[in-house]
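Presented sequentially are two complexes of subunit A, the first with subunit B as partner and the second with subunit C.
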Partner chain A sequence: MRNRLLYWALLAPTALFALAMTVLPLVYSLRASLQEFRLGRPPAFVGLQNFQALLHDSSFHSSLGTTLIYTIFATGIEFLLGLGLALLLKEEFPFLKVIRSSLIIPMVIAPIVVGIIWRLLYSADVGLLSFAVQALTGKSFSVLSDTALALPALILVDIWEWTPFMFLILLAGIQSLPQEPFEAARVDGASPWNIFVNLTLPMLRPVIAVAVLIRALDAFTVFDQVFVLTQGGPGTATEVATLMIYKTAFRFSQFGYGAAMAVAVLVLVACFSAAVTRAFKGSV
Partner chain B sequence: MIRRQFLKSSLGVTAAVAASSCGSQDRRVKLTIGADADPAVDILKDDFLPLFEKDTGIRAEWVEADYSGWLQKALNDGETKAGAFDIYVMDDLWVPQFAGSGYLANLDELGFQVDGDFVPSALDLGYWPPKIGLRQPGIDIRAKPVLYSLPLISDVQLLFYRRDIYTAGAPETWNDVLRMARQKSDPSKRRYGWVTRGVKGNPIMNSFFVLLHDFGGDVFGEHWKVVCNSPQAVEALEFYLSLLAYEPQGVAEFDSDQEGETLLQGNAFAATMWTGWCHQINDPAKSRVVGEIDFAVPPKKVNRVAKLGLFMAGIAASAPHKPEAMEFLRWVSRPDIQIRYARAGGMPYKLSAFKDEEARARFPYLGAALEALTVGVASPRISDWSKVEDILGTELNKALLEKGNAKQHLDAATAEATAFLKNAGYYAE
Partner chain C sequence: MARLRPALIVLALIVTLLPVYWLVNTSLKTQVEVFTSPPTLWPQNLTLQNYVDLFTRRRLGQYLLNSVIIVGSAVFLSLAIGSLAGYSLARFGKNLGQQKLNFWVLAPRMIPPVALVVPMFLILQKLGLVNKRLGLMLVYTAFNLPFVAWMMRSFFEEIPIDLEEAAMVDGASRLRSFRDIVLPLVSPGMAATAIFSLIVTYNEFFFALILTSTPAAATLPVGTAALIGKTQTLYGEMAAAGVVAAVPLVIFALLVQRHLVRGLTMGAVK
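Entry: the complex of A and B
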């Protein structure tokens, strides 16, 4: 009995801290999402009205679509590049450590700084990119004010920053694979492609699942780069869900509606995580 | 006798120590002022805050963040009544939100006496409900306006123009601007007749707002009817788009920093910009056009107006040091401080400071700024303005990207803003 009490007593501070830091804000957000909560007016309970409004909010649907495109392309390309780099750099060769170290530099820069760096590169008047294009073609070039190019430009920033993350995780995964099956396959005369498809990829499944899941969740909640580079523009071309939530809550002071958006995104992200976990069941 | 003397002197010393400790305790408080990190506040922060500390013995800490970050912090402090700040330095369009939500202390109740030396249009922005104009739903039409904040920096949009290009003086009309842009622009040499802010939302709206009102248009008509697709508004937007041919490539991604830089580097002949830029124009470290820029009220079409965008200061309802905060507001509003502030290059809010000969000789833009403040128009005084501004600003940005379709985009903005306001209860069923 005394041991049991001691057990709970020791656990209590951590449990209370976790409760205060994670569960309470979540409960507060849920409560706010059920309220008409605007500055200047007392909050009023409105039930599911905010969620009903979300169902008809074409701007929110559009922002979710943009976020999805961003997530799919950013994560997909980062995975392919990361895997390629990991396969390329798994063997020992001169300057390998220098190359590996320099590859992870983008990842350790704060996202807001990354945004500023790329804003300068993309800038229509003083940007390196527009200068290069103008020098080569004689035509002026403005990436961030082009509705067709702004989103790919943002995806490129994400790829630049986060491909090293994929690379590091996949490299660690590849290096931890047992060597015997590969040696046996080589003895049996399997081609490198066959070895990659039939051995490396299946054995890497758990690592791939974790890497893709982490990156996809992160990309789905992208904010900093979009905020610094485009503010959701031009027009609504880069208006991602998190930016819309932020603007709704903190610029337009519609805290209740913003909270409902946040809860909706949370549910979508949870469903996505569950789907990925189920798809890789047994691997993760 | 000796004992009595000792007791008397001991009592005297004790009383003196108690009194002095009470006094110094009061002075030992630290006033916390939160603000947006904007170059317009630099003179006040760097030169006048130390002066306030020296004059009053009150220590003051200036806490800043970027515009959005500061708004978020201030809203959070106001909502939770945390008391982290004594004074909120606000964009004037925050006043309806902050005062309407009870985040600000009533300055009338705290005993602030308004004098006749305030620039009237600047002072009016500190009242809630607004002294003039429409009132948002839920606000009694008979409710007496209460003073919740004071102007701190009189920011207003002026026409900045190159005197070597406009040799005959400031352009009187918008057609003069267009004509000069046509005549003298040369994009191959990076010489542009005009530069504007094009980023969606607040930046492009701030640029278009002046044109909209100058052309006789407005955002709202009677009973909050959205009228930003009126013929006057369409004409204003078409004119705004006609200037695009004489502007740098990519203005759709220009915010005020790029707009200002274009002017400072000598690449543009004119722009409507905030007075916060006046000081930088003549700073050789930042500008290539020192002494070449003049200032005026924006040109005329039907009306002649300027956009107000003042920095306001309000005492937080949860401020831990309200008396000291009030002392700061009284101190900074003193005519002698305002004159010193104007002479140091700041933008005052007292008429006497604007009219000070020495300040005007040093900073000629003060005359234009006072004139602009007199004809100034502020953002509509509703707590939902930011949303309406975002809707309009997004459609304006789209029109700018398409270099046309003014009517189509203003119709779309009107429909969306109307639907939003209807949902927010602005229209009686």
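Entry: the complex of A and C
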């Protein structure tokens, strides 16, 4: 009985604090999404009007589309590269520890700084990449102001920054697999490819699920690098959802409409998480 | 394949490290040299002027101070409160359904930050805490808490309960056995958890941008982003600011490498 009391007493501050900072804002957000809420005017209840407007807001739809493309390509490519790196580095190699440490550096650099790094590579006047492309093709090259190339360029930044995350988690997953099934398969004469497809991948499923879920959720709400590199431009070519909501709420001071967009994103993310969790049922 | 392996590893290292090198390289060049074509592979006239300018003309010191105060107190507070919860979960939480707990601890992680930021701004504005260090500090503490509780739980669980019980049989109170026996054993885990929270909050930009926009409270990432807007083509200064913001964290992260996977997945993968 005393233990029970102690249990809750120790847990309570954390629980209350966390609830106050998540549930409370969410409720507030829901309420704001039902209001016409602009700076300097008292909020007025408008029912589902904001959501109706969202349904017909083509720039919001295209922003969701951009975000989806960003998420799918970034997460997908990061997974493949990360898996490749993990397989490459799972066995002994000279200086393995140093190599591993070096490979995870991009992940721990602040996203804002990652933005700066890629500005130095992409910028049309001094960019290292721009220079290289110009030297090779003779054409001037300005990726971030090209409507077709800006989004892929941002995805490349994401891949550079977060492939280490996939690599690290998949490597840990691979190294924690039991050895017996692999030895048995080798004794039976299975090819490396066969072992990979029929043993490694299925056994790695739970780890893959966690890694992909975490990464996709973060990619879907990307903001920092886009803010530093393109601010959503050129035009709206790289206007991801979070950036659009930021502009709506804090530049145009339409808090109600911004809140409605945020609620829509929240619902989408929740559906996505539920779908992934179900797809990997029993493994998450 | 076997012969390709070293080549691929070297390629991965180059792709990973070259952009970082380029940041450091640019930060040590003069403004004139930054614009020379072809770009110089290392600074011809090595200079620290960019760094000096950042602190004398661009108030980077102020932003750094704000970051240290906000992040430092948020990490301390969340560790103090969250460790208690972690201990509680490790010692008395066994009867709770693991599945249920997983959900409640991980659920906040799945809420897109943008869904919280609009109301958070409006609430803090009402409380007069926008553009105050205290406001952002409270937000960061709250964000850290579930993570700290979860990480600390996994570290507490690694300490055999018998050790504690033995001390209690010998007449020590639960508090004393916690302080004298458990705490020293768990301190490496606590340090790792602290560094993790530090990395996440020190690098955080989105909330900081919206909740602190004045130099009196803005953190280093916000100050750096503002600098990019102001300096436009002063790439040397921009790069130097990047180095200042990144270096301490890279060092910290390498220190906790052993726990990195556990931290990144909130214990889902060890």
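We adopt the following convention: the second predicted complex is superposed on the first by the 272 of 284 C-alpha atoms of A that agree within 3 Å, B and C clash if a C-alpha of one lies under 4 Å from a C-alpha of the other, contacts with A are read in each partner's own complex, and residues count from 1 in each chain.
Rule of thumb we're sticking to: a contact is a pair of C-beta atoms (placed from the backbone, for glycine too) under 8 Å apart; a residue touches a chain by one contact, two chains touch by 3 or more.
Everything numeric in this text was worked out from a predicted model, so none of it was measured.
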Clash or fit (per the criteria above) of subunit B with subunit C on subunit A:
clash
Once chain A of both complexes is superposed, is A:F93 in touch with subunit B (first), subunit C (second), both, or neither?
second
Determine, under the contact definition given at the top, whether A:L55 touches first (subunit B), second (subunit C), both, or neither.
neither
Check whether A:L144 is in contact with subunit B, with subunit C, with both or with neither, and answer first, second, both or neither.
first
After lining up the shared chain so the two structures overlap, which partner does A:K247 touch, if you call subunit B first and subunit C second: first, second, both or neither?
first
Winner by number of subunit A residues touched, once subunit B and subunit C are compared
C
Is A:G235 touching anything from subunit B or subunit C once the two structures are fitted on A? First, second, both or neither.
first
Which of the two partners, first being subunit B and second being subunit C, lies in contact with A:R38: first, second, both, or neither?
first
Determine, under the contact definition given at the top, whether A:A184 touches first (subunit B), second (subunit C), both, or neither.
neither
Which of the two partners, first being subunit B and second being subunit C, lies in contact with A:D125: first, second, both, or neither?
both
Pick out the stretch of subunit B that clashes with subunit C after the overlay, from 22-30, 58-66 or 274-282.
58-66
From the superposed pair, tell me which subunit A residues show up as contacts to subunit B and also as contacts to subunit C.
123, 125, 227, 250
Residue ranges of subunit C touching subunit A (in the complex, touch as defined):
5-6, 8-9, 12-13, 15-17, 19-20, 22-23, 26, 34-35, 37-39, 81-82, 84-85, 87-89, 91-93, 108-123, 138-139, 141-143, 145-146, 149, 174, 199, 202-203, 205-206, 209-210, 221, 224-225, 228, 233, 235, 238-239, 241-242, 245-246, 249-250, 252-254, 257, 260-261, 264-265, 268-270
Contact set on subunit A toward subunit C in their complex:
3-4, 6-8, 10-11, 13-15, 17-18, 20-22, 24-26, 28-29, 32, 85, 88-89, 93, 99-113, 115-121, 123, 125-126, 128, 131, 135, 160, 164-165, 168-169, 172-173, 176, 207, 210-211, 214, 217, 220-221, 223-224, 227-228, 241-242, 245-246, 249-250, 255, 258-259, 262-263, 265-266, 269-270, 273, 284
Complex contacts: residues of subunit B adjacent to subunit A:
68, 71-72, 75, 96-98, 100-101, 136, 138, 198-201, 248-253, 258, 261-262, 383-384, 386-387, 390, 394, 397-398, 401, 423-424
Touching residues of subunit A toward subunit B in the complex: what are they?
38-41, 53, 123-125, 130, 140-142, 144-147, 227, 230-236, 247, 250-254
